[in-house]
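In this document, chain identifiers A, B and C correspond to the written order of the chains, with residue numbering beginning at 1 in each.
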């Protein structure tokens, strides 16, 4: 295989990983600070995409749509936190799984009610269309490079937010000792709402950016949700750094598995069998990687808690 | 007799009486509905053993449900054309043999899955069980020999000596009997030394270790037993629908099994039965009323988890004596 | 109450046309009305209902329920409709895996099943049934038509792509049945995959003259958008599903010029089709998709058969269905021995209509009077 193709595929893996990171960062933050498993995180991804598509269609501007996706997902996140999620913090994981499972059903059907039965149109902005030629003869779409850039910037921003700001200090304090920061006079309820809305907004941003590449339709968040969970578990729950490394690992494994496994197998067992089995193995590859990592590091690569 | 036992007896009686009456009134569909309830209750009872008593929140039990289903489907299709099975085993359409094979295969699958997964705890356990189920799910979708995503039809329901399984009531009675046997087993296990140790492992692992019992083995045994019961339910479910498909293994199915357990009451003997009755009836009633049924199902589930802690059994019989 | 209504209806219909002996036909429609696949089910339902309305038939009752794309749920609903609602005919299923679960069950209980879309190969071949009719196509048909088009238009190097599940492998096999040129790539993707960057990179590197892909629903939308954005300019073709009216709006201008194959097109020139397209636009304020057209034909066929024979007389009703004496939006239409259609297949091109809406236009005919590869295995 030519170098250019390998580089291009690595970039694809990186872009996919960065997108997963946007999802996983919110999930892992919410789990780290509030101890909450949120299955409905994929719904914020979907809401972000729908909000972006609707506003972009109405105004003709992708950028206004992007802003709307952040606002809509954050607002919905805050509403859901105040009405439902808040009551779940002191419950066990089981109740959280059930309640957020119910939220998926509600948000999906409500979205379909609001936006109709057919997928929506959302295209990338004209400024970012087309492909550029990188060194070594690699053609690469500008928009995907932009996603990579945004993902890296968000990662940097989150790092700075948590490491350098007062809010970040409170978040870190919330992760290590919940009672204590309440006792220190921090308004823990609004801190939780803020963190939840931040996580939802990141998911909405991911949904809007990916919505321009994919199909904006009900249920689009669910496959991504499962992958985001794989990411945070590999990385170590509660760890932003873990989510980042895990996301890139999953993104690259999935992409390279899809590309490399079928031809590798074809060389071993012949092409007729290989394409089917290779595709099956490629579909399973990230789960195999996850099981291997957890078998040797039961708390993921960078566990924040003990 | 305390309130929970009384409620359990009522549930058992209602689940038996309703289909018998429906059958007499020539309404075979309601017999099928009751059969579905009994089978899902069996699957959830299996999960309840790991999740309710052992605190092992498996988000991958659909894998075992699906394995059981495929065993029933594969046996049925081979028996139909009198082809031998892989490894030269003779094909048969006798349910007890099929159940035995389903149980064995589920145990064989659950052993390594449990052994690896039990190295983790909490959310990691939830997610690693999900990962294993996803692997098996994608395998089933991509494996062409038995239909892949199209699934596997069972042309004629597998048979049971002395009964006519094509008769809705006969098949219901088989499922009901298996469910009751599984509940009796769960009950014996709960009150046995093993069951005590399992519940102790959930509540306080350190104390258990201090008296010289290794929680790992106890948990692994519970996980395997739990997988076997869910696998049995899968075999019956495939026979009920005359169809086995990869969607039996999807993460939605795992989620639904968890929902059944919580809805009924986690760790309660008849919780899975109460949960299955409520869930199936809700799905049936709402689905007939509106195409937005999932929205209302979601709202009701949310209401239950927020305002009716302890599920149906908890609501009727109060807090469990084991908590 | 119900029976007395039915009796009144019967009496009236007897009075009205003397020869009619029809008791009301109860139809159970199981289709996908929730989740990501709802668009297809909604189109099928709307097309079917419109046909009944236009037929003027008063003695067909329809119950509709959502299958949520789950085979288990579809089986449960089918049992309910057959045993509790006492329907005579089932229809509506979009997806092959659901059809494989429901159809053998339904015909096993002596009911009719008329497919508006799914046409899995076993039901056309060895597992065909006298009470199972498919008004749409056999699953391979659109892909065969595309293969034939690629072959006859002299394309030398093809890159072909489908998801890794039975309908996907059927698709590529159907394509290869008629395309005999070189394959520079044959790729199976994960079902439900939404990112095709890796595959598009392979396409770019393959040196193909043309790309054939079968990616239903959201997968196809994602692929086409990403393909257009990647700057790869190898022309694409696909089965009609990939460029059907329900997804064209979401793909946008990226679809312009794409060739696709189907048995129907909104511009197909016959009076029934004109009536259908106009009525559908007036009723639902959107253009119909291929799913709506097939369901419309199903409804028209059912109304025609119900007017000719009593559904309780299964043999007569079956004969009435098999005769297929109805005005099809596809112009000519007849059933093969395996109760699957013999029909023409067209090559369509995605264009903008006068109102600036993306739609399809016929540019060539790929097959005339084409049936399917499995009919010989069917012992009817």
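Here, a contact is a pair of C-beta atoms (placed from the backbone, for glycine too) under 8 Å apart; a residue touches a chain by one contact, two chains touch by 3 or more.
Please read all numbers here as calculations on a predicted model, not as lab measurements.
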| item | value |
| --- | --- |
| Between the pairs B-C and A-C, the one where more C-beta pairs touch | A-C |
| Of all other chains, the one whose Cα centre sits farthest from subunit B | C |
| Separation of mean Cα positions, subunit B and subunit A [Å, integer] | 32 |
| Chain centre separation (subunit A, subunit C; CA means) in Å | 35 |
| Per-residue multi-chain contacts in subunit C, two or more chains | 33-35, 164, 169, 190-191 |
| Per-residue overlap in subunit A, given as positions that touch at least 2 other chains | 108-109, 276, 279-280, 283 |
| For subunit B, residues that touch 2 or more chains besides their own | 138, 141-142, 144, 292, 294 |
| Subunit A to subunit B touching residues, read off their complex | 31, 37, 39, 84, 87, 93-95, 97-99, 101-106, 108-110, 113, 226, 229-230, 233, 237, 276-277, 279-280, 283-284, 287-288, 290-291, 294-295, 298-300 |
| Sites on subunit B touched by subunit A in the complex | 51, 57, 59, 116-117, 119-124, 126-128, 130-132, 134-135, 138-139, 141-144, 251, 255, 258-259, 262-263, 266, 292, 294-295, 297-299, 301-302, 304-306, 309 |
| Residues of subunit C touching subunit A in the complex | 33-36, 38-39, 42, 164, 169, 186-192, 194-195, 197-199, 201-202, 204-205, 217-219, 221-222, 225-226, 229-231, 246-247, 249-252, 254 |
| Subunit B to subunit C touching residues, read off their complex | 27-30, 32-33, 36, 138, 141-142, 144, 147-151, 153, 155, 237, 241-243, 245, 247-248, 252, 283-284, 287-288, 291-294 |
| Complex contacts: residues of subunit A adjacent to subunit C | 2, 4-5, 8-9, 12, 15-16, 108-109, 112, 117-121, 123-124, 129-131, 139, 141, 143-144, 210, 212-220, 223, 255, 258-259, 262, 275-276, 278-280, 282-283 |
